[in-house]
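Just so it is clear, A, B, C and D label the chains in written order, and each chain counts residues from 1 on its own.
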């Protein structure tokens, strides 16, 4: 008999767990004894992407540090829904100080630990995109520039959701917020505004920068694990859809995040000392429309008459990302 | 209580001069208070520093308005700032210059003073000889010690040594001593002249 | 913690006091839906069940799960037309899971390692007669034996296997495999009497004092059709040709063979002829390929082997060294109509494969028993009009495939068992079908179907070696792992992972999950992200 | 040991003796000499273990201190003027979280117009932030107050500001006694935080507190400051026994026994005031001094007792609550049992304007004669003000005030005194 070659696939699935993998290969979230650092009973909305992202990230960090972890938290949804007196959902040492100083508080904690030689305890500072890319930006940049031993995690839901969905510098173009109305001359958030902080973090040439989404748990956990292998300033930027602010059904949170990546609008990559060292490739490329349609914040693009021009502009942004970061497999071949 | 006012320009070490005086006084077991006339010190701008010396604790914080002595590091200030303002009668005047009062056009102004209380000293020349830089501070303090007899030259030298590293201190101490001798001889000459 | 500052410091995890479950308007529920493969299997195999075991390499467990329903996996893995794969949801994603080849792998593995069936726990003391040792009879005997009954099989032929032996050529069904699987069944303590044709049913029952009987006689009688033939014309029927292959003397067909008919038997004969040395093997069929009852894969293999097929043709007459065929055409109703246009084909022999009938003579004089156009009427419980006599396989109205027959055997066995114990067997109610739409296929890695090795052409045309080979272990496991587990939780931990409120409790391997309704806010993420559609949201009654 | 040393240097050495573990530095005059000196000590290894962090703003300085303190480290920083305002949000936060940070304020005016010289506007602008506020009369007291501040703050779990006049004290060289390390170690125990971020005993700090408990939290902050009113004098007394110096405490009285007039002031001006009072006493005036060391908590009972039999009170204060008048005097009125009109506010020394004995003689004599207004601005240039007011009445676009005042005064060259 002439056997035809058959490619043997490993047990690769994208599910949270996989009984066919050896325990050490499995995700932290699949572990029955995971930390649940952000515990049940928090007051986040149904389907909150930030609650999910925070538990994913902190649990992974807890695993990586053998539960020797302290977190500083900026003001925002995460802080408000997790610690309304008299209850807290946090199972780790956690402090909230102000909206704009999480990174600096992290620096202080790290300094205290260093001075007492408790270098096995690691520090995380975290906040939403408002507390990170806007009001907390100076402290963030200072922490980066000094290369303080802090992992800063930004949970990016593209706006000030806690105060009623106002625009932040992370709000994407054309997105409707309560301060960027879907009517009038410029509808939604203006094009050409806003900033992509991961790139700015890279410009500080800190040891490690990564972007992730709640749609790729394994990737997210790997990045947190990697981040914890470094000393010095590290930055992980996680896209966390917000059913309330984005106007999508609560069960769509993960799907929307997945679409953000598969359309190329949110590039997932890792960078070390300012250089991109890896990207998560698009698996099934989709037009941005697939991502925009399910979200009420973009509904004005599809009303009568539909704004094909704006959709095309958004597609152009996705295409730019795709070629800038090489998000398609075939691009790899070309390299 | 003896109050000194020092005039100079930013960068000439006016504040250091006041500090050194206070240290010298402290070393002689006395209370002293030195402080600058505060400002954003810019090189070349006119600056003033003060020093009070007393045998009891000094509480007064006001600037020296009625000085017992005025030290002028830079004669060009004479026409810019009211350097002699508020002086007590017969206050000491010490000016850093290689020329005399006449040449500075101060003949009439100083005529009323006790000759022993008004002196000029070529502090910058002396400084350049010893320190290699036009930093007249040490020399002026040496001269001041000689003129006023308020402080011993050894305390001045000790203050300089306390403030600066040896490499810098020694040439300055030498400058201070030369200025001290210079003033000493000048005064004796003057005394002889008066006697003779 | 008393000394800690009031209010501004809080004890860890204290939010457990806040039961957010009260926000919920929809409640998630775990469900088990019927996978399309199981749904489509005529033998009623729990395919998903044994694939799940095979995924992790638990092959014996998988084989045992399989043989709970079907005692002939190695045979099935070769001759089943696998409707399961046709129904497989994965076909909509890339290509159907190669269920049949995994089944064959398990079957072969069992033979290789000599796995045996577990003997029945206790005997019922009842005797059951099974007439016919074909797939249906063997299946019934197997299940009856495992249910604790004493079984005797009476087979008219010289060997057990029925159509599996006498209808299917070696190159599809190697005999050593067949023999081994039959032997393993008989090893359960079943008595097999060969060359023991039953002429009178009731006598047979009485002689053996049987409490019940299962009739599973195959359709071995070839249908004839009148074709004017020259005195020297050589006309044979497919059944005897294929049967002849099992004897010492294969039928002489000559170098140019014409086969008349469009069923699997026609194709089998043509391919056999080719292997017997015919230079030309032509199938003449009166309708089009779409209408052809023969299984597509077999037609495909036949064409590969150089078999020619004359579509839309009927045979007018058989001459000494040739036959005359008439071209047909389809009318608007899709019926074949003669055109009068004829053609001569050179031929050394003509084999008629126009279908088969069952020899029902053994039933003469059995009261209450009803026969309608050549088959026996049975009820939902497969019992004939005569109490205690059941029937299945080719004898009853149904598609005539090995798999259907095996299925009949199983069902009949269960009904017979119930009847013997004075009960009624009520089949378990079927779950809702697990549709493709309920799946979230993102989570499955891309994995095209693996291709089974195929014998090279030269030997396919000259020998009776098996054409399609089996999968090696790793490939079979990979193929098993392509299963999407449609409609049934496979413990992927997605729900456990994606719940923003940690409201899913993981109970541990094999235990699946529980929903902690104290905290579940009903966001629906678990349902949306469940890959296999094993969760559904139901409204909370308020 | 006795030293002739600059105030900033002395304070830096005193802070070092307290073994701070984290120091945050951001430059602003006139505080810079302090953190520069500390930086030198850390790099020289004289102060170890200690983390010296150059931050990007005062806001970050206080935030880093908050993090460090919450993680159980003894944290210190220093600032002044605009810097204090820029960190204001974090200043309130540190108090709210009850983190015992010690911060030196080198008191300085607040712009606009920008002014780098001394007054008390910066510290007093934060009087309600929940920090303990201590004011040093001279550099010896500045040194001693820092040592007491760390102990006080850590015992109460409250942050403490030690205020010393910018330039007047920070840049002044004078004789003072610097304690020995073992003395300080004996007086100041190791930092035992009430709350600490520790993986061994996790907890959440800084939770959101709603109407149901916020009042209570604020009340407890107030209650803590009330406790401070007992601890401050007690530990000043203990300090006196250990170090032989009567520094700190709530307030100091000077020649007040038979006084009809009491001058109230805080900070370095007290020295000049005391000299003036001595001279006035020689002229037979029955006048004394109340020097406030502790401004927050407000030592209500102590002040009331001290002013019980006094005919009039003159408050010399280096800050102005625009639209009200004196800040300190407003507080004093609340504690004065006599007629409120007999508490006179004298706003003096704003933006570094020298407070001279001459001027003090004038105003105090006037007070003794009962002719002092309730609110006076010492050495105010009436003509200059009038000129501007007239111009504003006449011309719509009268231009920037500060610049026109300077123009009117013809101030370009440096003015002495």
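Here is the rule we go by: a residue touches a chain if its C-beta (ideal position, glycine included) is under 8 Å from a C-beta of that chain, and two chains touch if they have at least 3 such contacts.
Keep in mind that this is a model prediction, so the values were computed, not measured.
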item	value
Central subunit by CA centre of mass proxy	A
Contact-richer chain pair (by C-beta pairs counted) among A-C and B-D	A-C
Label of the chain whose CA centroid is most distant from the centroid of chain A	B
Distance between chain centroids, defined by C-alpha means - chain B, chain C (Å)	116
Inter-centroid spacing, chain B versus chain A (mean Cα positions, whole Å)	67
Between chain A and chain C, centroid-to-centroid distance (C-alpha), Å	50
Inter-chain centre distance, chain B versus chain D - centres from mean C-alpha coordinates, in Å	34
Residues of chain D touching at least two other chains	97, 202-207, 209, 213
Touching two or more other chains - residues of chain B	none
Two or more partner chains touched - positions in chain A	83, 85-86, 88, 90-92
Topology of the chain contact graph, where touching chains are joined (line, ring, star, complete, other)	other
For the chain D and chain A complex, residues of the former touching the latter	21-22, 24, 49-51, 53-57, 59-60, 63-73, 75, 89-90, 93, 97, 197-199, 201-210, 212-213
Complex contacts: residues of chain D adjacent to chain B	4, 6, 29-30, 116-118, 138, 166-168, 171-175, 268-272, 274-275, 352, 354-358, 413-414, 416-417
In the complex with chain D, residue positions of chain A that touch it	67-70, 72-73, 79-80, 83-86, 88, 90-98, 100-101, 104-117, 121, 138-139, 141-142, 145-146
Touch list for chain A against partner chain C, complex	1-4, 6-9, 11-20, 27, 29-30, 32, 36, 38-44, 46-49, 51-52, 55, 82-83, 85-92, 217, 243, 249-255, 258
Residues of chain D touching chain C in the complex	96-98, 157, 194-195, 202-207, 209, 213-214, 216-217, 220
